[in-house]
Every structure is written in C-alpha cells, then in structure tokens.
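Labels run A, B, C and D following the written order; every chain starts at residue 1.
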Amino acid sequence: MSSEMREKCGVFGVFNHPQAADLTYYGLHALQHRGQESAGIVASDGKTFRHHRGMGLVTQVFSRDILDGLSGNMAIGHVRYSTSGQSLLENAQPLVFKYSEGDLAVAHNGNLVNARVERDVLQQQGSIFQTTTDTEIIAHLIARSSKKHFAKAAPDTLKRLDGSFALLIMTEKQMLIALDRHGLRPLSLGKIGDAVVAASETCALNAVDAKFWRDVEPGEWLLIDENGVQTGRFAPKSEQSLCSFEFVYFARPDSIIHGRSVLAIRKELGQILAKEHPIDADVVIAVPDSSIPAAIGYAAQSGIPYEIGLIKNPYVGRSFIEPTQELRELAVRLKLSAVEGILNGKKVVLIDDSIVRGTTSKRIVQLLRQAGAKEIHVRISSPMVRNPCFYGVDMPTKEELFANKHEQEQEMGRSIGADTLAFLSTDGLLKAVDVNLAETSNRCIACFSGAYPTKLYLE
Amino acid sequence: MSSEMREKCGVFGVFNHPQAADLTYYGLHALQHRGQESAGIVASDGKTFRHHRGMGLVTQVFSRDILDGLSGNMAIGHVRYSTSGQSLLENAQPLVFKYSEGDLAVAHNGNLVNARVERDVLQQQGSIFQTTTDTEIIAHLIARSSKKHFAKAAPDTLKRLDGSFALLIMTEKQMLIALDRHGLRPLSLGKIGDAVVAASETCALNAVDAKFWRDVEPGEWLLIDENGVQTGRFAPKSEQSLCSFEFVYFARPDSIIHGRSVLAIRKELGQILAKEHPIDADVVIAVPDSSIPAAIGYAAQSGIPYEIGLIKNPYVGRSFIEPTQELRELAVRLKLSAVEGILNGKKVVLIDDSIVRGTTSKRIVQLLRQAGAKEIHVRISSPMVRNPCFYGVDMPTKEELFANKHEQEQEMGRSIGADTLAFLSTDGLLKAVDVNLAETSNRCIACFSGAYPTKLYLE
Amino acid sequence: MSSEMREKCGVFGVFNHPQAADLTYYGLHALQHRGQESAGIVASDGKTFRHHRGMGLVTQVFSRDILDGLSGNMAIGHVRYSTSGQSLLENAQPLVFKYSEGDLAVAHNGNLVNARVERDVLQQQGSIFQTTTDTEIIAHLIARSSKKHFAKAAPDTLKRLDGSFALLIMTEKQMLIALDRHGLRPLSLGKIGDAVVAASETCALNAVDAKFWRDVEPGEWLLIDENGVQTGRFAPKSEQSLCSFEFVYFARPDSIIHGRSVLAIRKELGQILAKEHPIDADVVIAVPDSSIPAAIGYAAQSGIPYEIGLIKNPYVGRSFIEPTQELRELAVRLKLSAVEGILNGKKVVLIDDSIVRGTTSKRIVQLLRQAGAKEIHVRISSPMVRNPCFYGVDMPTKEELFANKHEQEQEMGRSIGADTLAFLSTDGLLKAVDVNLAETSNRCIACFSGAYPTKLYLE
Amino acid sequence: MSSEMREKCGVFGVFNHPQAADLTYYGLHALQHRGQESAGIVASDGKTFRHHRGMGLVTQVFSRDILDGLSGNMAIGHVRYSTSGQSLLENAQPLVFKYSEGDLAVAHNGNLVNARVERDVLQQQGSIFQTTTDTEIIAHLIARSSKKHFAKAAPDTLKRLDGSFALLIMTEKQMLIALDRHGLRPLSLGKIGDAVVAASETCALNAVDAKFWRDVEPGEWLLIDENGVQTGRFAPKSEQSLCSFEFVYFARPDSIIHGRSVLAIRKELGQILAKEHPIDADVVIAVPDSSIPAAIGYAAQSGIPYEIGLIKNPYVGRSFIEPTQELRELAVRLKLSAVEGILNGKKVVLIDDSIVRGTTSKRIVQLLRQAGAKEIHVRISSPMVRNPCFYGVDMPTKEELFANKHEQEQEMGRSIGADTLAFLSTDGLLKAVDVNLAETSNRCIACFSGAYPTKLYLE
C-alpha cells in the first residue's frame, strides 16, 4: 500500500492570464493527490498581493467569494501534506513575506537537506522565523542576498540550496520557476495562449487545458515578467535523479513525466513483474485504485484474466470515525470489500504497488481468504523499500519498514499470510522508468538502494 | 452517465447488539452511494430514543462524541438524496415521533404513490404534518390504526401503502422490517451472532461482518423484539419487480441481490452488449468508475483489449467550485482526464452504463477526440431511458431525456459526436438481470419500457 | 439576583408591512432579554411560508441573506429560553405545521397547565407529536376542531387552553393574536401606518417605531386578515392576574405595561422599601444592571446618596469558560467588580431585586467586605420567593429557594454574611405594581404568596 | 460618544503560576473593552511555547480544550482592535517567532511612531516581515541586537523604540515588562503569592484576585526569571504623559490608574462640568453606560436629580444586522431607548463623555425630542477632540472630527439640535485627571490641544 508513503506537496502557477486564481484553483485540484492537509493561493495584480490559505482540501479551503477576491493576472498555489506535529496553518504555503523590495511569495515541493545549517547561520545573523518549514529559509536568503533586485538575487540564492525543490516564487510583477540540480521532483511547463503555466504534473496542465511546453531542467531557473521569459542555470547540466516512486505511486496515472506516460509505465511494471515472478493462477486482481494498471499489465503478460476482486469504498476519507476496540476487526472491511463471486475457490494473484509497513497487506490477504481464495500470490510492482527519503516524502521510520523486519521473501510472505510473495527487482524498475540503464542515477532509487544522490547533512 | 439518475435512499438497522449505533454508522457509510444529502441514526436502549440527523455525508454528520451519545442495543439509520427544493433538515430521516404508545422512528427507501391521497384523508381527519415527505404518512397511519399495540397496528398499516418501500420502523423495544408487495427496492437481512441486521444492500452487511441471512420477500414483514423474530405478510406472495437499474448502476458492485452478484451481472451486460453490437476497434475503455465491469465484459467477449482511457479526479465532490462562464470549457476536464497514450490514433469502444440527458456523453466524446481517438463507438450497457420513475429514483423530466429528443440511434450518435452509438436491448438486459425471461415482471423495467408494476395515482 | 428566575419567551408579529421579517428581527432583538436560547421567524407572502429557526441569540441565528429570504408582508417571531434537557432545535418556535387548510405557525409565551391532559387525549385519538412542547397541542387542537375554517376554529380552540399564553398564530393570510383569560403574560399592540404590530413588551414597539395602540385584554382574541381586524372573546372579561415579576425583573425598564412605566415602578419599589426598612448608612448601591432603578428610588427616599459600587463585566455571556476547581473563588469577581473607592470604610445599603437561591448574594456580600465595606445592609425590592411558577417562568425547585431554607430574616441575613437583610412586603409590592389594592388578583403574586389564579392539574 | 474613539489593545501576563493560561484568559476577559477583534495567549512550560490566537472575543477564541492545551506556568496574552483593512489573523498578537536564542513572543499595546523608519532599515539589512504591524519590529531588533542573551538584548532594544508601548515579551524562561519613556499607556503590576502579574489595567488584577503591587514607571523595564525580578531603565525618569482619554473613556471605571479611581475621576469631571457650564433643568441623564458616572457627578454638583432617561439594548453587538435603507431611521432606536416617563415635558441635561463625529449625538437629541423633552442641554465631560492620536488610538480623520467642522459651541449645539451645548475646558479636565497643574505634561492631551509629547516622524 503506497498510501503509507506520501508525497508532501504540489505546486501550480500562472503568469499573464485574467483568471489566474481560478486556474490555480483547478490546477491545485488536479494535484490534490499530492497533499491534502492544506491549500493556498497568492495572486498579484502587479501591485498588491492577495492571498488565502487554509487547512483541508482545495474544495474546503476556497469558496467562490474567496476566489473572486484573489484578483490579478498572476498567481501561485500549493497543496501540502505534513506529519501531524507540524500540521499548523502557519506552515501552510505559499508563504508570504514583505522585504526591502516589496512582497514575496514562495511555493515549494521538496525538502532542503541543508535547512538546519542555513537556518542556524541566518539566526546567528539576526533573522527571526515564523514557521518551522525549510521553505522560509529561501525567502530569508533572497532578502539577504548581496545582489540587488529580485531578478538577480533569486537565481543567485538557488545556489545555496541543497536537496530537492520544485519552486515557484512570486513578487508583485515577476515569477521565478526553478528545479533543484538533481531534478528530484517533477515540474512541467505549459502555455495557454500567451500565458505561462507551471505545475508539478502535466495532469494539472490538462485540467486547465494548457498545452504542454516542456519540463523544467535540473539546475534551471526561469524568470517571467512583462518582458517575457528569461532562463538560466544555477547549476551545470548534470545527471537527473527524478524520484522513481513518482512513477510507482505518487503521480496521477494520466500525467506524463519526462515524456513518459505514468499509466503506461505502471502497466509495464506489471508486465516485467510477470516475467520476473510468474505463477500459475486463475485471476489477477489489484489493490484499488493505484495498482490497477500494474495488474492489467501483469494479466496481459501472463495471460491470466484481470478481474475486479477488491472494491474500494469511495467515501472513506479524513473525517471517517475509525472503529473502537470492540469493532477493530472491521477496519479493513470498511475501506475495502472482497468480491466473493470472483475469489471463491480461485488461485489469486494480488498486485500491490508496494509494501511499506506490511500491516495492511496482511489484512487484505485475510480478507481474500475469508472470501474463499484458495491460493494467494502477492506480487509487488516495486522493489523492497528499505531506506528513508530525505527529499520530501513522508515515510515510516527505517525500523517500521516491512522489508527491514524480515530476512527474506519467503518469510515475508508467510508473515502476511500469502502463499507466495515477490517484489520487482531494481533492474526491473529501472527498465520501466528509464531506458538508459547504464546510468542509474537517471532516477533516484535511494529508498530501495540506499544510494542517495545528494549530501545528507545528517547530524 | 447514470449519475444523472439517482437512487434516493439507503436504510440500515441493527437489533440486539451492544454497538448498535456504531454498526449503523458503518452500515450507512457502506450505503453512502445511495444518498449523500443527509444522514441520521436513532438508537434505543429499550426505554428512550436518542437520535441525531444532519445534512451532508455520514462522516460529516457524525462525530465520535455524537455516536457515543447514541447508546442502546438497537438502532436504525438512513442516508438520503433529495431534489434541491426539499433539501431540508426537517425532511432528513429517520423521522421521529411521539404517539399514544410511546416513541416511533421511521426509515424509508422508496416512494409511496398514494401519498397525496392518504395525506389528504389524514389532514381531513385533523392530522398535522411537519415534513413534506411521504414517509410521515406511515407514522400517522400507525398512530391512527384501529388495532391496539404497535405489533398489530404496524403490519396492518402496511396494507394501505402503495408504491415502493424498504422500511425500518422502531419503537423503544421493537423493530419492524418490511418490503413493498412488488419488492421494488432491495432489502437484505444478516446476522452477527444473536443480532439481526437489515440493510438496503449486502455490501453493508459485509462492512459490519454480518453473515448474510436472506432477502426480505415482497409483501413480507418481520417484527423483532426481545422474544425473537416474528414474520408475516401484508400482501400475498406475488411477482417480484425489483428495479433493474439497481443492477445497471445504483447498487455497489460488491453487493449480491437475489443471489446474484452485481459485479458479475454488469460484466455480463457488457458481454451481451458485445454480442448485440460488435464493432471493429483497437481498445475498449470505460467511463469510470461505474462502467468498468461492463467494459471488461465487452472486452472479454469481443477480444478487444480493455484499457484505462479515462481517469476520474477522485477529489471532485459536492463543494467543488464549477468554472465561471469564461472557463466553462474546462467543466469535463476537471472531472475526467483522457489518457492520450492509450487513445491517440486508436479506434475506441467507449462503454457507458446509460445515457440520461446526453450532455455529458457529448463532452466525453469530445475529450476523446482531443486526445487523438480516430474512431469512437459508444456502447451503452442498458436500454434507452424513456420514462419517469415513480418509485424513488430522481430523474430528469421526460422531455429532458436524451432518448426522447431523438428519433433513432444513428441520429443520437451523431448528436453526441460518436461514430456509432448502440444501446443494449431490453431482452439483453433481462437476460442478464434475471434468468426467467418468460415472466418479465420479475424486474421493474418501467423506465425503459413504460410498463409500471403498480397503479400510479396520477392527477 | 433575579437572573436565577427566567422568563421563558418573547413573541413579536407584524401584519401588512413590506419589511415584515426585518421588523420582526428588530422586535425580537428588543425582546432578547426574554429568551436567549433560540430564535425564529416565519413570514408569509400570502401564499407560502418561509421560516428560519436556530439556537442562539437573534443576531447569531439570522444573517442578512436569511432575512432577505423571509419575504412577505406578514411575519411572527419568537425568542426562547428553556431548561437544558429540552434545549433542542426541534422545540424552537415558531412551530410550523401543514394541515387540512394549509400552513400554520404558532408562537407562544407562557405555559399550558393542562398540556399533559390534552396531549394524552390527542394521542389516544391518533395524533403524533414531534416536539416535547406544550405549544404543539395548540396546532393539533386547531387541526381537529369541529369548526371549519381557521377563523372559526382557532378562537374556538382557545377555550380548551388553561394556563398562560400570549399567542400569535399565523396562516398564509391571517394572523390570530390572543391572551389567556387571566392575562398572566403581557401582550401589547401597536401600529405603523396601516400595519398592526403585536409584541410581548412595548420596548419592541418602540424599537420599530410603532405607535402604541393598546394592550390585549385577558380572554380576548384578534383576527387580522386583508379585511381588517376582527376581535372577540373566548372567555368573559374577568380579573387580570399579570405576573408581578414582570415589573420586578423580567420586563425591560423602558417598557410600559398596563399604562405603567416599568422603570418608574422599580424606582417606586425602592422608595417603598426605604420606608418599610430604613437604615442608617453612607451609600446606596445596586446589583447591576437590573436593581439600579430600585437603588435610585431607595436613595431618593432615604436621602442616602446613590453610588456605583459594583461594576458588571459587559462581556460575560454564554460561552464564558467558568473557572476550574483551583480558581473557583474567582467566579463572582469575573462578572462583578466592587469599587473600593466607593465602599472602603462605608456603611453600605445593597439593593437587589430578589433573592432566589441566595448563593450569589452571599458571594456579593463577601466581595463588598473585601473592598472594605464596614456594614452591609441588604434590601430586596420584592418579597420572599417561596413557590414555583407554573406559568412559564424557569425557577429552582421549591427546596432550592433561599426563603424556604431559612426560618426568618435575621437568620437569612446571617447566612449571606450581611449585617441586616430585609425584603419588601407583599403589600408594598402590590402598592407599586397596582393601585387597586382591594382586588389583589389584579397581579399574580403566586411565587410570593402561593395563591395561584388557575387550576394546576398537578398529578 | 467616545465609542467613536477606540483604544486598540490590552495586555496581560503571568509569571510563576500553575494556572498561567487560565489566569490570562480571565485577565484578557476583564480587558475585553480594550480590543474586541482578536485575542491570543502564549504559554511556556520553561521549554516549549504553546499558543493560540483567533479573531473575535476572548470567549469566542478560546475553549476549555484550547486552554487546557496551553500548559506551563508563564503566559502572556493580548486583545486587539484594528482598523478593518488590517484585520487579519496574521496580525493578531502575541506575535510568536523563533530566533537564534529560541522562542520569542511579543504582546504590545501602543504605537511606535518610528516604525516605518526602523522597518526600512531592517529590510535594507535583509529582514523579512510577515505582518503589517509595528510590533514585529521589536522582535527583529532583539534578534539583531549586538548584545548577546535576551536579558541584555531586550532592554537595549527598547532605547530604539519611539512612541507608545506597554510591552510584554516572553522567552521560554523569561518575561520582560516595559513601558515607553512617556508612560503613554497604562501598565500595572500585581502579585498572587509568588506569582507576578502584569496588566493594562487594575480591573484585570482584581479579576484574578491579584494584589496590586505598583504601576510600571515610564522608561522602566522589569525582567523576571527563575532568579526573581530585576529592574532597570532604558530612559531617564522624566515627565509622565499618560493618555488622559483613559480617564475620560477607555479605562474600565473600576480600574485605578496612578492611584486614582477612574470612576471617581469621571464623577469629578461631571462636577467640574456642572461648575463650568451650569444650566436650569429638571433632570440630568446620561448616554449609557460610559457617561453615567459623569452624569451622577453633574447631578450631585448641580442639585438637579439624576434619572435614567436612556436605556441601552444590552444585546447590540458585532453581528447585529443594521437596518436597510427603508428602515434607516430605526438605527438609533435599536441601540438606545428613551424613557418617555422621565423625559416628557422636562428640561433635560444630557451628559456625554465626548463628541467625536457628532452624528450619533444628533440622533440621540432627536430621540429625546420624540420622547417629549422640552429643552435639551448637552454637556460633554471632556474638551473638544481636534487632533489625531499617534499613540495607538483609532479615530476618524481630522476632517471628520465634529470640532473641526464647526466654528463655535453655539453653532455646534444647533447642528446637533440641542438647545445648548458645552464642553469641559482643558483646565477642567486636567484638574480632575492630575493635581499637578503646573506641569501639564503629566497627562497627554494632544487630541484636545495638539501638543504631542513625542517626535512624530511624519513624512
């Protein structure tokens, strides 16, 4: 269940469109899967910022009245997920500041690995902080830059940031778009007539009917103002290390990242999985909804028919009241329902996109058994997750990871009650997510392999 | 898009379980697809009623505190959809009354066709009404019954009700479960140890881990109290006329109605559709989520591969801000996204479960064209909807129905921009939803055929 | 502290004014002191009712949008206080019903002493109830009346009601105004041009700039429709028994009841109190705000100067968080503040309008001592409250009443820490509230004397 | 109507008390008259800050649960009023920051006249701001101080602040209390056992049963930590210039400022007014509630009896719906009610504490006329307000001030419909508010005289 690993943010921006805030609302709505805890939009009419942020889904945070108040033809927006301790409105983005040159708004997807170091330096210099986010550092660095003018100061500041960032920064009249030197998070550009649009994923470009223009390159910045688009680099062109989990789970299946269809890749992951770990069975089923494409791929490759064996209750959400102790056993049933007619007496291949903690997998296997499944063969369309992510993904601790609690696949399978269990190999993953196998740094696979593309600044 | 026809209610009840209100919450949650406007639960501890009702989803209406307040070992609950004019908290169910014998609560799925007639009679006799619902009539009739005691009065009252009703009625110590003489709406029974559970669909029995017991028969009532279950009939055993649209769209795919898997039937509808209306094509795709089983069936029968060609934004809901005039063209895009990689240059079979107004179909076809589909063949897994429902389904007026605005399929197809368009035949539908083709009254197909199983009391 | 006895309701109605709902809002706002738990307005445009009710103050329940929706040129409104157990939205008034002749709305100040008897009869006849209020009975009786047409049925129904009622009943086109045969609660009429206004107190007439017309007489009804005002009696002209506590505490000081200024009467109560219970002292102070007029009267009569010795925190209200156990001693301080500069070293006369439980009095005396008062002489501008009210006033039980826990004034004074304590005599009260001393039934003084003007129907 | 000039803030702090947050809640509640737009509390347990801020009254912003979460034995709180444009939650105080030495919270009553200058300097040095308040500057200056450690840096920073400030600053373990060098705003200290309490007014000390200790001196700071209280000066002992309007209107009457009872001073203002502007009349009445003490003073001095001639509707508040155009004339009536029995046929002295815009005065005079007043002599217990305040009081612009729109008192009186109008003289005011007439700088009377005690930094 990849929902146990969570992408933390999505960003969206529009420059030079009369309905900038409305488009940002729809763009964020299309990126809602990237963060459900808070949402915010800052708009500028060239002179003044207007902003609104709130806790909850995009549709809960904004009303028609609020959107109408966000006038202006440029806007940036943000959706966010955070661990509970820091789930404060103060930390909701875009962050908004006033500094010597005027207003500044920052929307950031990613995580700065040198945040603590830079924060200490800034505080020693007399800076005060109002949030506990790494993102606030960016604004301080711009304000303190030795370069005059945002157009010079902002690109210059990017050099000091280590880690992952897909970044939108706005002043009253300008917008800066930038991506970290490793390209750890996705960031795409689109156009609607003369307007420029930036979004974490292309599904948000489609939502607002923007024509795809191109992806932002690692180490690149774009500065957009009334004179048009200016581009530059704060780091040399280098190996890209886009998060491979974007393909496995985070991105919406209709997005295209680096020219590759996420849906097609997920199907291919299933096909490779079928080649690596074939099994004799009657049906292939998926853990809905995220694993369906991989299951279809596995079925196509293996020739075993794909069936709908698990149904998801579409109304399970944030405010759902979890069962009390007495009714604890209902926990999975309330979210997933096994279809007896499909499963009874069958040898079943269950496709899931990952195993993170393992607890949910165990419960799903049990559900299938209760529905009469004769054999259950669990196939995972990604390798074992063994290492923490330092680039903006929320995960359990290393000790809590399923793969670190068990020695080998056989024991793992037994622990979740499956007849067999098998994971996709790292090679299999890379084959699907990037053709260039010689240079594995083309994708970040640190959570599987432990090889991190950046310095980590661990204490 | 069957979402343009809406089931109006779902009911759930538990007798003799210490967590009665909690189970009812989870049961209603599993029935949420049957009504999203209001929800309510009434619980009894054998002496006193405690109830809570509110506008919104089950998860919005109830909190842990509220549920904890609904103590007692019996409870009934209700979810409701209503047309906007009557969307009042006062009309939310279960309705609660006080009468000569104590407290009375009523939860009703269906529609009484003789409501106006009976209401007039009651008002002439001096009754006053607090709601505009037909359901309130049931309480008045029980209160005015010539039979003493609820146990006699309630079954006696059922004889006077015409139309559709799956009904749960509760006093402080008793629960009555009843189904109209035609069995127009589904109603199933389950058991959890000694506790009896009643629910509109078996998916709600599964949710609370109740063992399926049996369906309630048309014209049957069950009275449950501390002495156990007593059953009887208020109408002779007769032809059943369960709504066939429950199979086509309303019911959750994991439910089993009259021993038949809803998912399996939907797949079969797709298979029969492929036999009736074959076409040469590259891919079969579905309008998600409801038409996916039929699409898989069509694909299996035709040999054309099933693919995910349309993605639904899972976050579109009630409070979504619809685009303003300037951005109107985004309306479909924000809810559905076409997958270009699947569709581009392809001959596509698009499976939908019904066409009600036709406007959404037109927009979806357009979306597929923009994504590069070369040919689009729309196949509908139900017959043309031509007639209003008087049994508790919300529909457009007869004039607004797509099938009544066009002479023949060819013209219909052109009007939505499809290359071809074809509907399942009524025979095809009946073949899937019931084996006994000789007696078509086994299912209500009035919205397709115009043959209503009951008197209509039209003015 | 008379706030320990609470008037339960206020009513307001307008007929034939284009801003009927707005005026009702302002009228209810002026009557807010008569009930702070719920508020409601029903308006009619001659054909359809529109209504809104909610928990809380008038300003919390209504918004500009809601008021704008209450169109029509007639309206009735209600403010309510209730004991906590029944503080339900369902019980908020005006109650609204549908019956054989159309719509019906009822707003009621008072209490029907034969409610239980009539309710039993109605339930035996098959009536069902949705509230636990006595007011619902009135609607049932009208609906079941043997007289056809509201104009006949409503006045006829009044004969069956025992107890207290200031009543406004509305149909789509008519308004009935009525007062119980003893005139236990106040009800006045005003005019704004051609429009007729009815209100519990004249302060609400002033608020909407209506000209005072006359008080409604005990046993009288007025029926207003497009043909004008028709009056009649459901009971012969008899002794009036208006609640004397309206003068002592309930009514707003700027109201005029039966031609008598409430403010002037409160001042007179203070003057008589000074004659009955003179004392040598330096200052006269009041428990704010209700006792200020009596204190000014006492000061004027005695020649001792009136000073502001206690200040009330104007922001103490419903949602105030009471101190926890550790800080319990702050309870009075947070609401009242003693002015040391006025009290230190002084002999103080403290005027309060009543003692109900006695606990607050004890705390206030303590507060004055802490501020340095040398002697404290408590003077109460009403007699001892010894008996429950059955006519719509919320009070502690008989056992909880201060006057029933102590034998004589001397002991009473000691129990609250005062140097002396004295109450106004019943004769003194009647002298102020009505000139006609020969016929004491002119005012209800049952809570002081135990002589109830009606049958009580106690079980 | 002094309510047209508004004090902008109140502050409250507690050090070394186990119920620090609770006491702060009660203290702020007692200071609610100083700011009704937002409220906030920051508590520290010696290690961590916990804070909560919200828009609205203290009772609306805090709940029992929220207060319970604010654990720790030190806390500071703030209530605020602001002009509408800046009425943002971001600006609500106490402001909370993180800086090099840890956490910092600031609660400020007053206005820094050099805010713009200092802000420019800070921004040039690279500081970024998150609020539009002058208060944020204080935190920046502390963070950038050349002195190490808060205990040195904070007092040092105070030297750079010009204007008015009653200031509470908190770190995890320390509290700094300071007053500007002119003592423009009140700030008092109290003790509860070993705990130290600071509050804008002594009424808040009384509310929490703290013993008055002393007033903070102009230019003084106190630093409290586990080692006790340390005091010092950031400016030499100089002339005090406490705002004289605190005595006229802002402060609660039960407060004692600089050893003088506010209530007694208001009464004395009335007495001096009677000497300066005697008139032959029947009754003296007050505009409630603020002018009552002055009216009692005027009555005592003149021998004309004080009566209650105007009643205030106690329920008029923030959310009150103002009358629409059609009912505009009701505007005053809904808030104030004239008592006809007192006024009819009488020569009336109307005491108000000030005239700011004059519009309300005109409406009140009209109300008295409608109630039958024969003559109306308006007497104002303060001089004419002619000049803006730069020290934290919200006022109309200079052009909107009543006194600047008219040449002389006679014309002024005519413009509000009064028979005569007279203002207290500046000498009269000073006689009451301070004995030391030789040194008028003892009180700030800038709004009357135009003589400002500080540099103004106007552009």
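The working rule: contacts are C-beta pairs under 8 Å (C-beta built on N, C-alpha and C of every residue); 3 or more make two chains touch, one makes a residue touch a chain.
Which protein is which chain? UniProt says A, B, C, D = Amidophosphoribosyltransferase.
A quick note: this is a predicted structure, and the numbers were derived from the prediction, not measured.
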Open item on the list: Taking contact as defined at the start, I'd like the list of chains shared as neighbours by chain A and chain D.
Closed with: none
TODO: Quick one: how many steps at least from chain A to chain C, stepping chain to touching chain?
DONE: 2
Task: Identity of the chain that, by mean CA position, is farthest from chain A - done: C
TODO: Using mean C-alpha positions as chain centres, tell me how far chain B is from chain C in Å, no decimals.
DONE: 51
Task: Interchain centroid distance [CA atoms averaged], chain B/chain D, Å - done: 62
Open item on the list: Can you compute the centre-to-centre distance for chain C and chain D, using the mean CA position of each chain? Integer Å is fine.
Closed with: 36
Task: Residue numbers of chain B (touch at least two other chains) - done: none
TODO: Kindly provide every pair of chains that touch.
DONE: A-B, A-D, B-C, C-D
- [ ] Give every residue of chain B touching chain C within the complex, in rising order.
- [x] 96-100, 104, 120, 123-130, 132, 139-140, 143-145
Open item on the list: Per the contact definition, I'd like the list of chain D residues that touch chain C in the complex.
Closed with: 18-19, 22-23, 25-26, 29-30, 32-33, 57-60, 62-64, 67, 203, 206-209, 252-254, 256, 261, 263-264, 289, 292-293, 296, 300, 305-308, 311, 313-321, 323-324, 326-327, 329-330, 333-334, 337-342
